[in-house]
Amino acid sequence: MPTLDIDNLGASYGGNTVLRGVTMALRTGEVMSLIGPSGSGKSTLLRVLVGLLVPDHGRVVVDGAPVNYANKQSVRALRERCAIVFQQYNLFQNMNVLENVAVTPVRIRKRPRREVEAEAMALLARVGLGDKIRSYPDELSGGQQQRVAIARALALKPEFLFLDEITAALDPELVSDVLDVIRGLANDGMTMLIVSHEMAFVREISDRVVFMADGLVVETGTPTEIFDHPQMPRTRDFVGKILRH
Amino acid sequence: MLSRLLAESPRFFTIYTAEFLLQAALTTLALSAGGCLVGLVLGFGIAVLRRTRGLAWLPARIVAIGFSELFRRIPFLVNLFLVFYATQVAGLEAPVFAIAMVSVCLIASAYLAEIGRAGLDSVHPNQWDSAAVCNFTAWQTLRLVVIPQAWKVILPPAFGFFLLFIKDSALASQIGLLELTYAGRNLNNRGFMPLLSFGSILLLYFALSYPLTLLGRRLEARLANARHR
Amino acid sequence: MDYRFHFGQIFTSLPFLMGGALLSLEIAVLAFFGGMVIGTAGAAAVTLGSPALRRIARAYIVFFTNTPQLVQIFFLFFVLPDAGIVLDPLQAVLLGMTLNAGAYLTEIQRAGFTSVRQTELDAAAVLGMSTWQSIRYVILPHVVRTLFAPLSNHFILMVLGTSMAAVFGVDELTGRAYSINAETFRSLEVFSVTAILYVLITIAASMVLALAGRALFRVRMKFV
């Protein structure tokens, strides 16, 4: 049963301390959302988890085995098990949709191209892009690109899926298509850690919600606990502002 | 002057002169093209080294930066003599073409490293992030993601540099390489009037460079329009 | 390889070499400003001139940018005497470099002319500026800021290009390196020191240009 334990994790970015000791645990099949004001360290936490930023202190333990972020092999092993979708989609601009989804399984994990491409087409059909497999990223709308990015992440068959404000850069009318895909994944039991500003969506989809501020976890609870009965003043303040707005 | 031109022309415009000049023009072209091709590869390598991170790569970064900053500030003529005398001191019996080629490669690498750097900068940092989380190695990231995007930005100015070098390679005549300029001096020394000797090689340089300039312009326009690959 | 470096004689002739470096800079400065005069006229001709004038200006650019500067100077030095015009080496080099620079600087300045956007001129007109005022306060600052970096780069290339004056016996930096080499036969040492001097004078020139650009025109440029 895969679990992801984050213990007193700290990280800094360009001399600024962004994470001051974050502790939380993600269990299998669980959807956990991170909310909080901008600059609270939510996205940084995801970057640290996938090894794009080396933590200053603390531990990340996957299935009881701590990840050594200073060690290439350890980080590679971690990345075999997780996938991340970025706010700016980050699709490979030189590859068409199908290549974007298939490149890692084929070229990095050395799986047979035929098999991978069949899977990739199924995934692309699932995110509603079965007719766009030969298109290039710059020919697609933001919402379509983001759905390709999700398909690319799913093609890695991740045990943990991290979503970093995946609707923040999208035009409002494109958001719902992307969120529908995530809803489907949640129903299938995908383990997800989601950073999002779509509060209604967070409330609907999450098993647990973590409220972060200033690089620390302020409060953790079910959506009802966090949104309706926040215990901490900062949570109350934040939730109050959102609900009024 | 005109009468001398008329008098010398039949003796000048012969198959022999044509062959001599054609051979020299090919040497000019081979020197520039070969040097720039090698320079493109080495220069890109230097640009990549400049982008490395971490203390372990610091010496490589210093060498890469020092090399490209230094060799862009030494005149080609001085560089030629440096390579020429360095091979002498090392006791190598190198043909002048090889010496000139090494010199062109050194300078071309230094300049093309700057062009390569601009090419690397044109690739969005998030492409590196994506490749990293998909477990691409540095080499796989370059080969599968970065180079396919950067080459469109690198090629036009690199081609421009090649065009510059067709002309700058004239200085290789100073270490005795029989390229176009040396051929011109040679004809002049054989008694042909300067107008014929230097006029003809000016025209030959033009005939070499101008069509390539037009080709470069078309290439640039095509690449600007092409969106993929 | 049992070669031993002997820098002694080279160091005693360092002042001699540095005097040559000064001449190199002088040649570059003179040719650059001559080239700027031609370049400004050329850019005006190409952008504003009559069709005939444009064609002449274009032919000039195309010819000079597609043939080697060295051969252009050979031509001036060896062919013009047959037409009764005798130039001494320095004059031939200066004239050749100026004409060559004129062609390249025309190209650079034309890019600056065409970078002035109509919207800026419209904005100036809306603010009630006269033609002269819009040239003084809108066009000129914009053009200078766009052109300063490429012009500076070309100047550095010209400093390096002055070394070909040595081919004609001008005793600038490379020319003086030739003569020390002929006297001492310490070739590698002579040309190493010469190379370092070129590196130093071009770095100095880059720094002066960057500072001047910053102080006079508020152009942001990196030093090296």
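Note that the chains are named A, B and C in the order they appear, and that numbering of residues resets to 1 at the start of each chain.
In the analysis below, a contact is a pair of C-beta atoms (placed from the backbone, for glycine too) under 8 Å apart; a residue touches a chain by one contact, two chains touch by 3 or more.
Values in this document were obtained by computation on a predicted structure and should not be read as measured data.
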Could you draw the chains as nodes, link the ones that touch, and say if you get a line, ring, star, complete or other? line
Average the C-alpha coordinates of each chain, average all protein C-alpha coordinates together, and give the chain whose average is closest to the overall one. B
Whole-Å distance, chain B centre to chain C centre, using C-alpha means? 20
Length of the line joining the C-alpha centres of chain A and chain C, rounded to whole Å: 55
Distance between chain A and chain B based on Cα centroids, please, to the nearest Å. 47
Which positions in chain A touch two or more other chains at once? none
Which residues of chain B touch chain A in the complex? 124, 126-127, 129-136, 140, 144-145, 148-149, 227-229
Residues of chain A that touch chain B when the two form their complex: 50-52, 76, 79-80, 83-84, 86, 88, 90-94, 96, 103-104, 107-108, 136, 138, 156
For chain C, which residues count as touching chain B in their complex? 1, 3, 62-63, 65-72, 74-75, 78-79, 81-83, 156, 160-164, 166-167, 174, 177, 187-188, 191-192, 194-195, 198-199, 202-203, 224
Chain B to chain C touching residues, read off their complex: 1, 4, 69-70, 73-79, 81-82, 85-86, 88-91, 167-171, 173-174, 180-181, 184-185, 188, 193-195, 197-199, 201-202, 205-206, 209-210, 213
